[in-house]
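Take a look at the structures below.
Each of the next two complexes has chain A plus one more chain, namely chain B in the first and chain C in the second.
Our next item is the complex of A and B:
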């Protein structure tokens, strides 16, 4: 308690002066903008003149070509590609019968569904068994078995690869401080770099097709694994390590038998994250030749088949929810210990059951063709019916009236003027405003980063597009807060509703974002509002999730104290719960911004004039330099917010004494 | 199903003369697949023809622009639909770098231009003439464009020069770029519900013709040099003051190592030529009859043996 007071006292004067500086910056920015409006500002101060912009793209291209050809990186990666290709061929043969060694596939769908059911049962009882077997049965019956297995054949390689690399790097980062320092900034950049920036190098170095898809997926999924591993190892209690030392463990034994089992929970949470991120990439990697559900989804969207693309979306969600629940059940389930003398078959009953089910269905499939494969003609796809349903809904009078109003009011009166306003602010003034924001919330260090990062964006020569990107993100996150926070607060009031809303969040997050795009366009046309609407759905998820999380983890003593002093429900919420939940909510807010930066790039498929549009354009060619410059611009902007808000959240946590 | 196909191919293999097959490499011929149905089915048709000749074939999903780089590197063996308008530039760029060869044109012609679904004609009866279109620009206005009409152009990277044409011909239109083909369809689909008039970028052959009957706007006819020499076309001071070529090519391209590695397949590829009607039929099998592409290709091959058998005989 005394600590908290001391830090409060220490922070107060610093915060004040920081606030005053921030105010001065804002005032100066306003002044510059007013000068611009009055026509007194020289053009060179409004926007950087063309001739001072360094040709970053050309430099990067040169460096890239040097590394690729002269240092022989391409030869190396192409060799690695062959190894990867071999592994992928094996899984492809097993899962969907590609004609490669070992030439025994495809495994019948009934066998896979049955084995998943058994695994589900052993992890979480009948409900989990039903979820596992049910997901695969649905996939087969709806006629998506082959494409789902094409996706799985890559994921079963990419996810373990990400796990192993992540685990090793995580251990290295925990063991050696320098690795940790080196890896942290790279991870931050990797997590904010737009996905389109991974695609082009993946294609060039790892050959278009499942190999590039596997590599891009792996890279995308590694960061949380590293972070969780390091976190878990750091938390291992010294007593356990001591015990290990006393029983004479070597260093390797200590790691293998003491540290890793003690950090089991965190490592498994990392595994869960890896799986989720891999699934999130299913559609995006289709752009670089990843076969399966994603490629099919894009093809379906290209021929305006809403129903079928919706069904593919449902399959992806089901697989994601199944794997998520199963891996979480695995986290909770502690290793079983049997009394001495338990017979061998008793200890391994679940594995035996799985093998039996597998063999049984493999044999059945030899006699009944339907048990091994379901083609389009026998499937239960409802594509056309869903098509009609969606189209009818969009044509309903009140839906059209609402969207018409939103388009005429929100878009024309609010969004477009806001965008034009942001574009009218001189480059220098806008940077100052952002620096002021970083200074007020974060501190001097964050303000310096903000200044450097945004100046680099200005120097990249893509300022106007960067501002439009920023505009979409700000608008979408603001709207997401207006809608998401009340939902989160209401849902947090009861356990039951929290669970329901969180499930909806999971679904919205794993449902492939591309599927939203078409209804968004049909509702709002190709306008900013459609772009913002599609970002909104994505950005609301973390806001709601962390609001619920924050409110429900407010210490019970605090709420009881409020109750005892006779606070009304509203007072309790405003004066006690929200302030205490605010740091956690800020983390959600931060994630919402990160998600928005991710999604705004994908919204280029609706039609935008921002960085995403240019990025999408570079996908067509070999403009690797430009692709990188654009990607880094997005990453720098996202990083500025990330650093600032997380700093603020951790400061607040310390102030409130919530930091354990 | 799969067994039936194998049997069919085995049969086809038996009756075909066995000349030249032995020379083809056992490595798979990699055929790229993009995100529109006719191309997917055509790729499967050609792949199954190659398989019937004893070749190994693999399909890989790729971006339709990035594919030329992959063909050049030999990662992908061929490309069956090189559209003059959409991919001509990427193809030529790759050709200049080397590694990709032109394997001749399909019989089919392609056209890409401003297009409207039939119901639009009720609101603007003078169509398809472009002057008539311009006279009823207000009909195409949206909340964002004020009293000007809105023309929905293809994605920027398709380089359609809608903006330049509007300026060159002095039209009362605002050009909005869609982000993807899917975005174009979504707009047409939304307009269909209340028969709202729209004018969008579209092309043929395309599945959309079957779903929404429509017509192209007739601009001043294309003349060579319209994109390079301002003097060509009605406006003496501007480029892009005419419509796109009404008969663009649809080309086949291949990796330059294909001829020596799979000579027989290359020979057949050079003979392959589909017509607009055949391409539309392939697209219909998937888009309207809802078959999977492999099944659609099998069906098409079964029904059209007299068309593709001669290619094999002539190619080898």
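Our next item is the complex of A and C:
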């Protein structure tokens, strides 16, 4: 506590001057903007003139070409591709019968569903069994078996690969401090880099199709595995390690028998995240022509077949929920002992059952065509019917009135004027405003980063597009706060509702981001509002979640003290709970912004004029330099917010003494 | 019973924690106190300790938390590398051992029990106990046999297939003890093995421990912060404060002649009559007359005799011969608590 007081006393005078500096920056920015409105500002000060913008893209291209051709990286990666290609062919043959070695596939859907059911049962009882078997049965019945298996065939290769690489790097980062220092900044950039930036290099270095998809997916899923591994290894109790030393372990034995098993929980949480990120990314690889659920969804949404899109969305969501629940059940599952003298077959009953079910259904499939494959004719897809249903619903008078009003009011009165306002601010003034923000909330370091990062964005020559990206993010997050915070505050009032809403948020977070486009397009068609709406619902999830968590974790004695001081409910909320929950809520706010930056790029698919749109265009060609410049622009903007808000949250936690 | 040749011998051992301990120690003037060292940004975990442990002896290291007792025992087993001084184990300077030799030493000669057990959560009782054997590469059948034997020894028969989290605290520590005994170590380190247990279980485990020691007769370094426990178990007690040993002696002598104020405070509330034995009170220059008392009897055991007997000097016998005689008044003073 004394520490906190001391740092408070120390921070107070600096905080004052920091605030004053921020104010001066804002005032100056306003002045410059007013000058611009009055027509007194020279054009060169409004936007950077074309001729001072360095050709980053061309330089980068030159570097890439050098690495790619002259250093022979391309040859190397293409060689690596051969191996990966071979593994992918095997899984493709097994899962959906691609004509490659070993030429025994496809495995009948009934066999896969049954085995998944058995795995589900052993992990989490009947409910999990039903979820596992049910998901695959639905997929088969709805006639999406083949595309789902195309997706799975990449997933089952990418996830283990990401796991192994992540684990090894995690161990290295834990063992050697220099690896850790080297990896950390790369990880934080990777986590804010838009996914399109992962895709193009993958295409160039690893050919179009499943191989590039698998590579991009793997790379995308590695960072959390590294972090969780390092965290888990650091948390192993020192006594357990000493017990290992005293048992005479060599270094390798210590790692294999003591450290890794003791870090089991964190490593498995990492596995869960790897699986979920892989699924999210593998769906997005549709943008580089990877066939599968994502590609089908993209095609269906493109041709506005909402019924079929909806069905595919359900399949993706079911698979996501199934994978998430099962891997989480695995995290919690602890080994049970068997009573002495248990026969061998009883100890391995689950594995035996799985094998038996597999063999049984493989044989059944030989005799009944339906148990092996469900063709287009027999499938129960209701795409057309759902289409009409949606159209009828949208045509209902009040629905039409509501969406129409939202479109007219929000778009014309709020969003477009806001966008035009942002665009009208001179580059220099906008950077100043952001620096002031970073200075006020974060500190000198954050302000410096903000200045450097945004100046780089300005120098990249994509300023207007960057501002439009920023506009989408800011408007969507603001709207998400207007809706999400009240929901969170209301839900936090009762234990029961907190639990329910948190469960809903948890589930929603497992959905691959792509799925969020479906309701947006359904309700608002291909419009600006749909873009904002899809970002909004995606960003609302962490906002609600952290609001509830922040409010629920306010120490009981503080709320009791407020009660005993005779505070009304509203006073208690405003004076006690919210101030104490604010640091946690800020973390949620930060995540909402990161999510928004992620989604705004995907929303390019609907049609935007921002960086995402340009990024998506680069995918068609081999414009690696431009792709990187655009990607880095997005990452730099996201990083600025990330650094500033997280710094503020941790400072605030320290001040309130909540960090211990 | 106690072989005087030392198994562990420590001379002027230092363990400093801080940015550059070796260089700091080299420039450290004599007689710097714990607090001055701390002001310089270093923590003296072990401060100039010299101590010896004889074969078959049970040395109890006693001190409050932060006094450096756990650090000292970790220096003996080289879980910590010491900053200065020498530690010899069985005549070998352990700081000169290579990693391979150190592993060999631990695999064959040392066992250690930890305060919060340090069990591997993913292994069954049997697998935990067999772990050190597995590490040194014994074959599966042999290590199973041995592990079953030790599990039986600590009274966990029938729980071999349980996982640690399915056991109570006392049972978990039995597993820890069994594991440390699996390789038949010569030297046995116990770092506050019973501190995490309930008082009743603690008592039971102490009895169990004494029973084991009776059978096995190992050289033991036992750490505790509980003076009663120390008195119950120890051949000799070393009392530590701020990384240094304040006094190292038999329980009787510590109770009778505390070397420092700090030690005296510890002994204040102790029922000395139960600790002090006739043997210590016996003075060789006096002979006394009549029937002798046994040297191993505590003053408390002799209470009735001391009050009823009229002799001023009572002879004391041990190992079948007269060692001398004790002064009855002196013993009575201890009995009524004014000694």
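The rule is short, and it goes like this: the second predicted complex is superposed on the first by the 609 of 660 C-alpha atoms of A that agree within 3 Å, B and C clash if a C-alpha of one lies under 4 Å from a C-alpha of the other, contacts with A are read in each partner's own complex, and residues count from 1 in each chain.
Convention: a residue touches a chain if its C-beta (ideal position, glycine included) is under 8 Å from a C-beta of that chain, and two chains touch if they have at least 3 such contacts.
Worth saying up front: this structure is predicted, and the values here are computed from it rather than measured.
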{"item": "When chain B and chain C are modelled together on chain A, clash or fit", "value": "fit"}
{"item": "Contacts of A:247 with chain B and chain C, given as first, second, both or neither", "value": "second"}
{"item": "Which of chain B and chain C A:287 touches, first, second, both or neither", "value": "first"}
{"item": "Vertex chain A angle, Cα centres of chain C and chain B, expressed to the nearest 10 degrees", "value": "150"}
{"item": "Partner chain(s) touched by A:344 [first = chain B, second = chain C, both, neither]", "value": "neither"}
{"item": "Broader residue contact with chain A after superposition on the shared chain, chain B or chain C", "value": "B"}
{"item": "Which superposed partner A:239 touches (first chain B, second chain C, both, neither)", "value": "second"}
{"item": "First (chain B), second (chain C), both or neither touched by A:203", "value": "first"}
{"item": "First, second, both or neither for A:101, with chain B first and chain C second", "value": "neither"}
{"item": "Partner chain(s) touched by A:334 [first = chain B, second = chain C, both, neither]", "value": "second"}
{"item": "A:257 touches, of chain B and chain C: first, second, both or neither?", "value": "second"}
{"item": "Chain C versus chain B - closest C-alpha approach in the superposed model, Å", "value": "45"}
{"item": "Chain C-facing residues of chain A, complex", "value": "237, 239-240, 242-243, 245-250, 253, 257-258, 261-262, 264, 334-340"}
{"item": "Residue numbers on chain B that touch chain A, as the complex places them", "value": "1-2, 30, 32-33, 35-37, 40, 56, 58-63, 65-67, 69-70, 75-76, 90, 93, 142-144, 152, 155-157, 176-183, 185-187, 189-190, 193-194, 207-208, 211, 286-287, 290-292, 295"}
{"item": "Sites on chain C touched by chain A in the complex", "value": "74, 77, 79, 103-104, 106-108, 110-112, 114-124, 131-132, 134-136, 158, 160-163, 165-166, 176, 179-180, 183, 189"}
{"item": "Chain A - residues contacting chain B, complex", "value": "98-99, 143, 203, 207-210, 286-291, 295, 298-299, 301-305, 373, 375-377, 381, 383-384, 391, 394-395, 400, 404, 407-408, 411-412, 416, 517-519, 521-523, 525-527, 603-608, 613, 616-617, 619-622"}
